[in-house]
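The following pair of complexes shares a single chain, subunit A, combined with subunit B in the former and subunit C in the latter.
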Partner chain A sequence: MDKDYIGEVIESSTGDFLAECLELNSSPPFGSFVKVAGRSPTIGLVFSVSTHSIEPNRRPTAYGKTEEELRLEQPQIFELLKTEFRALITGYIDTTGAHPFLPPQPPRIHSFFHPCDADEVRMFTDTSDSLRAIMNAPRLPTDDLLIASVRGAWMAHNRDTAYLVTMGKDLSRLIRDDYDRLSSIIRRIAQ
Partner chain B sequence: MLDLSAVKRQIDRMASDQKRIQNDFFERIDLSVHEARGWSDDWKALSHDVDVSRTSWLVARLSGPPDAACPAPPRPRQLTVIAADGSQIFPDRHEISSCYLLNIGYVVLHYGTGERPTLSSRPFLYYREEDLYEEWEGRRTAVTRESVGIRRGALEFTFLADLSVKAREEGRSVVGLSDGTLILWSLEGRPPDLRAATLRTYLDAFEQMRQARVPVAGYISSPGSADVINALRVGLCPEEPTNCDRCPYKTDRRERPPEIDRGPAPLPCSPIEGVTDDLLFARLLKPGERSGVFRSQSRILNDYGPHRIGFFYLHTGAEIARVEVPQWVADDPELLDLTHACAVDQAEKGKGYPIVLSEAHEKAVVRGADRDLFYKFLRDTFVQNDIRAEISLKSLKKLAATV
Partner chain C sequence: MKTRTPLGVITKGSLIEGLEMKLDPSQGVEDVKAGKFVVIEGAKNEFFSMITDLRLDATNPEVLIHPPQEDNPLLHEVLNGTSTYISVCLRPMLMLEKGQSLANDETRPVKTIPPHFSRVSEAEEADVARVFGSESMGDRYFNIGTPLDMETPVCLDLSRFAERSNGIFGKTGTGKSFLTRLVLSGLINNEKAVNLIFDMHNEYGWKAVQESGVGKGAFVKGLKQLFGEKVAIFSLDPKSTRARGVQPDHEVAITYDQVAVEDVIPLQEELRLNPTAAESAYLVYAIYKEKWLRTLLSQDGKDIEEFAKDIGANPISLVALHRKLKRFERYPFFVDRLSGPDAVDTMMDYIDRGIHIVLEFGQETSVLCYLLVANIIARRIHENYIHKSEKYYASQDIKDQPRQLIITIEEAHKFLNPFTAKQTIFGTIAREMRKYFVSLLIVDQRPSGIDEEVLSQIGTKITALLNDEKDIQAVLTGVSNAAGLRSVLASLDTKQQALILGHAVPMPVVIKTRDYDEKFYRDMGCLPPEERKKKTKKDIADLFGEAGEVVEDLVAVGSDRPGNVVPFRKR
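== the complex of A and B ==
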């Protein structure tokens, strides 16, 4: 039994998966990489986080109290909410190494996941493949996800300026037909 | 199929009847308030009249003025409130097995500590011969919905007592709440051995809680009871002692020619008949206040020993609720205050109904879809194990009705 996991997959498909976090409000950050445990661990990029009622017919209502007051006086609330996130599948790891493309099988339901460590992040962000995956996936907050993932990858590369320049060049190739958009993205990455 | 147009005509008639009754009703409530206040100083005389009366209705025994109102004491900052509630899949002989299922939802909420609460449920499947048939007074019969309900209620209290004792052992201040009455009047007239066995479970649970000093209370929302009104009706009765079996006013009525005898009987106790206790206390209590403690005279309580049930009415701010407690809670001001403060706080937190009870219900409830899934599991498992799995033609017909 894996003790360090922070949640598990509850919906899975070829391109993305939905995961439930073990603790409320403890999703891995937007734009960060997670690794789903399995024979061939899948790598996902978090692109949507939500917290809501565990039961579809019960909606949270306003109480006019702080979270601390609610934890003391309405403790049941926090058992009736859950935090979920969706992740774009950007690659997988098998015995032959890391692959920056979709795995033959999606992660299994109820598989556990962890945040990727810096080595794993570097493994999947050395090239612009993950940027291309973000650009090509439908229904994503594409620009913000590019910004967050490049900033995260830059941290994993120890704030290496050369890495940032390479990513900037790759982005300019990917978004070469829209100068305004490209400059906005690069400006925000650098902030 | 329901003929809605036929029902609508009956609803219209019902509404017009209700309207007529309603106007007269407000006067009755005014009178009952007047009566309750009228006995405030001389409540011992009324109490005596009640104690010696023989009535055909259930009359509350008094332990103080009927119009007494006690403000809510403050709730201890740290308090653990526990509830257990049950739900079931009744035995269905049209299904592949007559087994049945009880699901007990239980909730432990710790206030003032920030600890995580427990909200959970546990199912119990009953399928053995001794589960499906019961023998009382030498008669063996298949379990009925009623007996499943009795077993469920007993299991709820076993959970409530176990959880309460455990929380108490952890050094907490605890209140145990249950949805509905603690008075098992439905056992009256049932075989003595069934009655004794059921009561034993309940009373054992009460005893465990008594020893742990955990007040247990039955919370009744929208109570329809009129025990206190009935006590005031005894007060209206000129007879000493009141004895409904020998009511001279009823006799007079019978002797009257039928063409004169129209409308309700003009008995001395009639003017407040039909009023319920909640309507009376809605006028006597302010939000947060409770009435004095009354003692129920249900016959079944003669078997309750030290756990005889008393009750008070509580203005939750949203309604008048009836809260039933065993005698040892009623007699202990500390436990009574704790129950009162807890019930008010719970109703406030739950926006009118104790949050711990509604959460226990949510955990217990077995919905239609769960029931269907349960029988699907059962069928699949039977088939996988080569057990004959057959449902009745009636069930089959319900699944696919033809024209």
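== the complex of A and C ==
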């Protein structure tokens, strides 16, 4: 069994999956890549993270205390919370290599996942295919996701400026006519 | 072949309007200059082209309205080549099948265009040699310079150059004389034609001041210094020639009897002759034949009216003609009787022996004098050549074939403007003398002043910078697809750059002209004194062996001087 896992898949579909983290507040960062274990490991891009009650009908209440105080006084309430995230599926890996498109089968429920290492990130971010997937997916915080994922990929590419320029150019082709949007995204990526 | 450096890809264009390339974003636009020589790699052919224009383009007008801030270099880089890009206009000039090189005398006009996204690359050194030949391929090729930003020489095909009349144009101070000296050196060195140079400003024969480049202000060698006995200096003003430290080979004197009416009529503008002057002159000529000018000038002013009545001419017109022609008398080269051999006969003799002639005007630099003398001499040489050519056509014996003669004239628009081109001998030569083995090398700063008919007959044009729209138009007369070349011509540097187009080059090309320096002198066979001595010694040793030492002593004195003067040979 994979010991490094940080959570498991609890809802899965062709385009995205929902995963629950092993520990509270320990979700992979927004815009980072995760790998779901399996026969053909699936690569997902984290686009939404949430922490809430494990019981759908119960809501946490404000106590007016810091987290440290609460952990001392009422440690049980933290056991009633969980952290989940949603990830956009951007590709998968099989015996023939890495593929920047949707896998034939979505990840299986209860599959474990862990964060992608730099090599895996580079494998899926050398081209701008993931940017296109983000642009085309509905109901996403598209601009912020673009910024976060490009910045993450840039780190994996050892902060190579040439890489950033290439991604910027691809982005400009994807965004085409919306110059304001492009310049806003590029400005934020560069910060 | 070495892989060429890619510049971009072809995106659109047409055969008539030329092609358009999208510049690769990795290339700096400022490194791509108008006039640059590039190769478009089509599927089957390679298209040798010239960059004619560059344009900043944007896919989205928003970008232009809200340009990226200076503090956002990433956005600048991202936009470069995507939303904002550079379009480069190319004019294909020559088409060759891949791997094929240009066979002699074969011109390949472009008949098709390369497909979409054909790669455009900077031409490599090998490409230049493939298109323009190289000096190692034979003495018909003469290195005249290099394409912009390249080192491989562009060669002029001198055999083709000598076949037709040619022009060297450029506004004043752009190096016309320099270009002319370069071309003349090539012609003399490669012996493709004999030159007769009407040297108005005394800058071809002996030393001339260099106007630009490394040795600005220094003196450069003239043709006589470079080629020694292959060149003879004739002088109209021997005093001035000697004052400059040059011994002319021959002093030119002209008698009044050698002036024909046809020599005077083209001076209409300079002499302000009336329209009736020609008629009056012909009336005098009808009676006195070749003594017409001598007779006319010998009349006293007050007797002219009487004289006019005698010959039936209009007195007022003849008085005016007499008064104006009187100006000739103050020219020192006009003599009553020749004391030595006739200058034109001597010239013909030199030309027949393949010796090139520089006719210096000394201090007689007035346009009037230049036009008059050039007309008189060229007319007589022209007559001689017609005679020789007819003899050759009759005998069809290669021995009788006259040597190809190139006459160099400056201020050509004075001889060849639309009004006088039909009257001067130079108009005739430019139009039809090719078949009589005489052609012109026209040096001029105002090509728009030259008759269009003459311009369209010019084979090769070497053009330095021209700004005036009319001049540019005139130079490009008779050139197909001239629109692109227009911008190239107007964007040349003021020094050492020229556009060559026409008969002697397979495609128009912008060159940085060859340096006129020690290396050039050496290439032309003119060695520095020490090397000359060594070479002479070696030659003598090769020829005479041991006995050579005596001969060596004899020639040692003469060998110090470059271009020692050949004594005039009496006929």
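Structural remarks
Keep in mind that, in the parts below, the second predicted complex is superposed on the first by the 191 of 191 C-alpha atoms of A that agree within 3 Å, B and C clash if a C-alpha of one lies under 4 Å from a C-alpha of the other, contacts with A are read in each partner's own complex, and residues count from 1 in each chain.
The rule is simple: contacts are C-beta pairs under 8 Å (C-beta built on N, C-alpha and C of every residue); 3 or more make two chains touch, one makes a residue touch a chain.
All of these numbers come straight from a predicted model, not from anything done at the bench.
Of the two partner chains placed around the shared chain by superposition, neither subunit B nor subunit C is touched by A:Asp119. In the superposition on chain A, A:Pro75 contacts subunit B only, with no contact to subunit C. By the touch criterion defined above, A:Val165 lies against subunit C but remains apart from subunit B after alignment on the C-alpha atoms of chain A.
Of the two partner chains placed by the overlay, only subunit C lies in contact with A:Arg187; subunit B stays clear of it. Put simply, more of the residues of subunit A are touched by C, taking subunit B and subunit C as the two choices. Contacts of A:Asp177 after superposition on the shared chain: subunit C is touched, whereas subunit B is not. Note for the complex: subunit B touches subunit A at residues 107, 109-117, 119, 349, 355, 359, 362. Residues 164-165, 168-169, 171-173, 176-177, 179-180, 182-183, 186-187, 189-190 of subunit A touch subunit C in their complex. Across the complex, subunit A is touched by residues 25, 59-60, 62-63, 66, 68, 72, 74-75, 77-79, 81-83 of subunit C. On the subunit A side of its complex with subunit B, the touching residues are 55, 58, 68, 71-76, 78-80.
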